[in-house]
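Note that the chains take the letters A, B, C, D, E, F, G, H, I, J, K and L in the order they are written out, and that residue 1 is the start of every chain.
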């Protein structure tokens, strides 16, 4: 496509917004993969509770990734959700292979979500200067991530 | 976990079955990512039809991946769906970044599905010698993949 | 269409599988028409029960016919469900016109289903040598047909 | 059954109404078979749209056929929906076997629906003199057929 | 209320239409009571089938009565569905008290429906001269009554 | 039917219980007719609210009548819900014909419900000595009637 | 589009039918806008009841407008639902701007519906001579409009 | 568990209530097994009606058994639903193996339900002296059983 | 309101019943607040299970409170659910502020429910002498509370 | 719990945000109690409309309270929803006990909502400086409260 | 209505917010009419896809218009959605009458949405200074409009 | 019944298949009883998770038992699900009576499922030589049992 209309005011706004969305996309796609990895390889007495909560995270992450990617193309930036891109740019600490106990998974998810949230808060700040529509979407996703973070963290007590 | 009961008759059966399932898992996880990538970056007059059909593929691939991974752990093999593993072992030809026209996407999906199907047919054969329960699951997934393949291929005429 | 990819291993497999599917398609389409014919022209004290059960058969036959025909085209064989083809190749013993009593309808359906089942069992055997995916679909449909056969047959006692 | 009460005023009314309903039944049953035939053997870039629209026609035709046949028996006339009867008395121009391109299918469906509609309009006129209840049902079905005709015809422009 | 607008063209049309609707209302309300009476006091081997079919009639009669009564008031005529009015003006042959065998109930319902239908056909004719909107509603209800009549009558064979 | 098993301890218990249920049936059937009569002929600024609330009463009364009548036959007493029986034995004060203002309808429904409730409370007492199962059903229906009574009565303030 | 098949018998029938449908379309689109205008600007003690009833009218009008417009194009006449056309040809008396009390809104809706109904009755008559399918649709919509008219009118008493 | 709080007033009340509930549990679990046994091995012209009604009994019995068992543990008594306990303490007359005709099944179910009802009525009396909450639950279940009893018994006429 | 009809036999019955219902209302409203307080401030490895079970309690308590309050006004007694009334008259031991571990919450809920149940059992006894309809409602709510009590208590073992 | 991660930037932000959320929680919990109090004790001709609208407010307030409290704990602040806390800190003007006429309830709800809205607008401003995620949630709740305020206020005209 | 409480801080804020909402209302109402006009008069091979997508736009526009108008009255400004107002103040480029090809419709919708979006972005900016609640609502609607814009624009490539 | 058609090729095939199905039926019926026994008598901190998971097993076992028994009769073998038969032929190690801790229940279910699975795998092998339709059903049930086994086993780690 030669030229795409972007609703944003200039190229800088478009680039900044695009970077925030691409970063969010990588976070969310990898979050969905990590949560599934734990969902499958989990062990321990809390198996059923954590297994189900991890699927809530997967569902949240998949829906948010779709909204974020469609938002990117709507502002004239191509989202990149290819596996190589996600593998090379993800900042999420990766799980070890094999079985993982429920205690470790809960601690790990608490940590992973805390770091994703920190990055989303930076993106909220950045897009607040370039595109309020994108910012509002990121705020909504952050609310959901922070709720999940709380629900994992209190289980570590 | 120290020892896990496997319902399969011996270690060879378990290993062969596990390899088939791990291969299927990588195919299906990457298929879901590739189909989403096209879903977002698609252009052309057939946009809406292809956009929707790609989401049917994503839905099929996600459900099948979950069944395959849970089958692996049920036979005593840890599934590995981490992004690095998928990126390094996928055999699916990767999309270019950026916009992609509907014609090219339809052709590409036809090609990708044909190659996944060929690998699934090998896995059906392999697991027929080691675990009929796994084989039956792979047969069901192959039926769905071949239906999608047909529906993309006839659009290239 | 010039060339269609078939997932089957050779032309013989494709032809054998295609013949089994075409035969199944004719059986199922005519079964849906015969069951409707009885559904409409039925008389007798058991009218309501048999009338409803016949619609269960119609529903089963229509869904199965659709799956069978789409399976045929997925393996590279064009299904033929035109009325002339069905009329000329059906092996189902045809109902007389006009009203038909519930006793006769139950006996007739028991008989018709028994003969269709015999033909499906041959197709299961044939496709077991050519395409396990098709075979698995035919096995599932046969299970449903045999359940209906049982439920008609015990009413004749 | 020896004698059936017919709500119609005389034998002529019953015969005329019965002929209209039997004609409609044959049109609708064959319409459902033809639309399925195209649904399965369709090719071309518009595959998905036309494939889905054809199933709307199948659904419409099946429901209407059921209402028409039950109306026939309710006025004391046995509907005949056997495959031989449909094959021998259908007036619908039959599809060729094998793949059919979307352009041709759309043109063919436009033509087939136009001719069925012409016959339904004659039946509306005929039953207006013999049975307003039947006429009202045929009017409702004609509305649906004319809507489908419009939606195919405008695609040929 | 002093004056009510009636959409009908004159007082004669209003009176004729009102009489047709009041007659239909009494038929339908009493039909719902008679069918419930049989529903509760039924005996015999066909109990379950007939018990359920009678509730289909009750449901049909209640919905139709509501439409008919609301139509009456919409054309400026007060419907009268009080029990004394229904008891004094119903033309339906009343059931005996106590248990009633399924054979007798089926025969009785066939007969009752036939007579209601005859009265509805007169009302269709009458309102065809005064109000097409009312006529159309009565035609629709008659179609449902004739379908029920058929389904009881064929059980008497 | 020659002899019917009654779960009650003696003929007196059966007769007392049967009378309570038959009385309740007449109350509920006529309540449903009266509430519909007002539903159709209502006028005034509160039309919509009262019109909808009356249908809640109709729905409550119909479901309760069905439970009461089926309870009667379950204890070996034939319920009598024929229109003549209801007309001759109802104790509900009948509405005048024609339009009725919302104020009058609310007052009338308050009054009618109060009197039905008084009769139900007597039946609860009577069946407490003969059949706890019937009593429990009547208690549940009374709770619903008293709720409706409250909701009409407070509108008269 | 060069030539469109019309199922009607001649150009006069097509023109008369088209005019009836275009008139109905303007009535219904403006009815939906007027009812929304009152829905938003309503005041008074009956606010909630009238607010909700107005949305029932909006819903009825939108669905009917869609059916009418699709019927027009199905008989070969382009419907015109553009805002300028509706504004210039509507015959509905327009609301004042700003708040409107519930009493006035009820009176106004009673009046507006009465006049729309009068126009629909003319269209029923006109299309009765040119297209029974269109007439039947207009009869059904008129039934709904007359029901709404009744329910507003009785609130003015 | 060392000590469990029981809401009942003393040990006698707890023991009596517990025995009633354990007896009810055995009746209901075996009723569900017997009804399924007949559901599967039924023959005769009334097959479909009786087959479906038996599943209503199974569903009723399973839900009631669950409520009864959870009530037992809630009052501090361990329910015992093990197969050996049910086999050794059931008072239900057992079916013969093999096919059973619809006439015999209907008669047998009538008889079995009558005897279960008699035992439930004793339990209602016993728990009326020890725990009104348990009694109320048993009353509700008895109402359902007596309704089923009626619906089988009238089919034997 | 000057005078309200009460269905109860005298002023004493009304007062006793009213006191039982007001006491139940306070218990249930505060139960809903306490359970929510724990739902939000919960910590520990069993977080998810207890968090969800607490919401089951909230839902149960809210529905029961509504039924109890509407029952009070239906017998002519004004329910008082104002926050000051609940705070001053609640007998539930209040939670501390801040985080609370899952062990403590489970123990606390077991204790709170046991005490509410004791009070409900007194109310069942009191209303058994004044109003069987109210008593029946309290019995049903007690059954639900005792089920929840059991499910918390067994978690403390 | 020793230390909880808060996503907010510093202790001041956490405290300010926490105070806004705690204030909102008290407002919403008491709003749900007040609206229920009126829901139960309401009288007057508009009873049904206002009764239902009050339940819309209860539903809105309960859902919002839950979101607000979970947001508080997600930012590291324990919400306090105990009845004593709500009673002592609520700023809502309390209802009198006993019956309350619909006019007074509508006026009172208009007033109560106006004051809650004023407090929410201050909280929106305060959290705009400390936490955009919390602010966004409060903005959404305020939109719902202002809609309810409008719908009560226009009823006072 | 004499005086309406506005939650906004002063008359200027109220006026600016009101103008933004009135402008948005006109845009959305006319968008719904234009999209319907194209929905009905569309031609070309992409008919079905575009026909369905246009209805997504209609649905989006109708829901958004309702929210915007209710927001206006909630801040004390009367929304004006009368047809004359929309016709005179709309800024949307109007469609020609008659058939319109799918290519032209897609281009036109892309253009119309782009211009509406530009106006919404101005309104977001304006209301950011006067009412954050209104701004948040406009941001949400803009997100939906920009998604639709993207999905039309990429079809023009 | 004198002679029943069996779709299997000879008496040996029928007998072998019948034995496999009867064995599976006993396993599944007893599994449903054992899982319910644990569901009711469970204690310990994991109560809620295990309680719910056990009901998943009950649901799975009941549905599978029904399919297996209906399959038996469809191949001409009478299933025997009477309690005495199950008690005498079950191979499942029986639970002790009374409370059982969650740890023991999880270990016990893991063990029970492992042994049932071993027997199902033998039945898959046996029916592979006699009836592919039966084998396919047993494969599907085994997949579900192995999934449950995995989900219990990993909780023992």
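Going forward, contacts are C-beta pairs under 8 Å (C-beta built on N, C-alpha and C of every residue); 3 or more make two chains touch, one makes a residue touch a chain.
Heads up on the chains, UniProt names are A, B, C, D, E, F, G, H, I, J, K, L = Ferritin Dps family protein.
Keep in mind that what you see is a predicted model, and the values were worked out from it rather than measured.
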- Give the chains in contact with both chain D (Ferritin Dps family protein) and chain J (Ferritin Dps family protein), ordered by label. G, K
- Item | Duplicate of the B-D contact set - from D-K, A-J or E-G, the pair where over half of the pairs recur | D-K
- Note on the structure: CA centroids of chain E (Ferritin Dps family protein) and chain H (Ferritin Dps family protein): separation to the nearest Å works out as 42
- What is the distance, in whole Å, between the centres of chain E (Ferritin Dps family protein) and chain J (Ferritin Dps family protein), each centre taken as the mean of its C-alpha atoms? 53
- Query: Just how far, in Å, is the C-alpha centre of chain K (Ferritin Dps family protein) from the one of chain E (Ferritin Dps family protein)?
  - Reply: 49
- Separation of mean Cα positions, chain F (Ferritin Dps family protein) and chain B (Ferritin Dps family protein) [Å, integer]: 62
- Got the chain E (Ferritin Dps family protein) residues that touch at least 2 other chains? 1, 43, 46, 49, 70, 73, 99, 136, 154, 157
- Touching pairs among all chains present in the structure: A-B, A-I, A-J, A-K, A-L, B-C, B-D, B-K, B-L, C-D, C-E, C-H, C-L, D-E, D-G, D-K, E-F, E-G, E-H, F-G, F-H, F-I, F-J, G-J, G-K, H-I, H-L, I-J, I-L, J-K
- Residues of chain A (Ferritin Dps family protein) defined as touching chain L (Ferritin Dps family protein) within the complex: 42-49, 51, 99, 101
- Item | Interface residues, chain J (Ferritin Dps family protein) side, partner chain G (Ferritin Dps family protein) - complex | 46, 49-50, 52-53, 103, 106, 151, 154-155, 157
- Note on the structure: chain I (Ferritin Dps family protein) residues touching chain H (Ferritin Dps family protein) in their complex are 114, 117-118, 121, 124, 128, 135-136, 139-140, 142-143, 146-147, 149-150, 153-154, 157
- Query: Which of the residues in chain L (Ferritin Dps family protein) come into contact with chain H (Ferritin Dps family protein) in the complex?
  - Reply: 1, 29-30, 33-34, 36-37, 40-41, 43, 62, 65-66, 69-70, 72-73, 78-84, 86-88, 90, 94-95, 97-99
- Query: Where on chain I (Ferritin Dps family protein) is chain F (Ferritin Dps family protein) touching in the complex?
  - Reply: 1, 4-5, 7, 70-71, 73-75, 132-133, 136-137
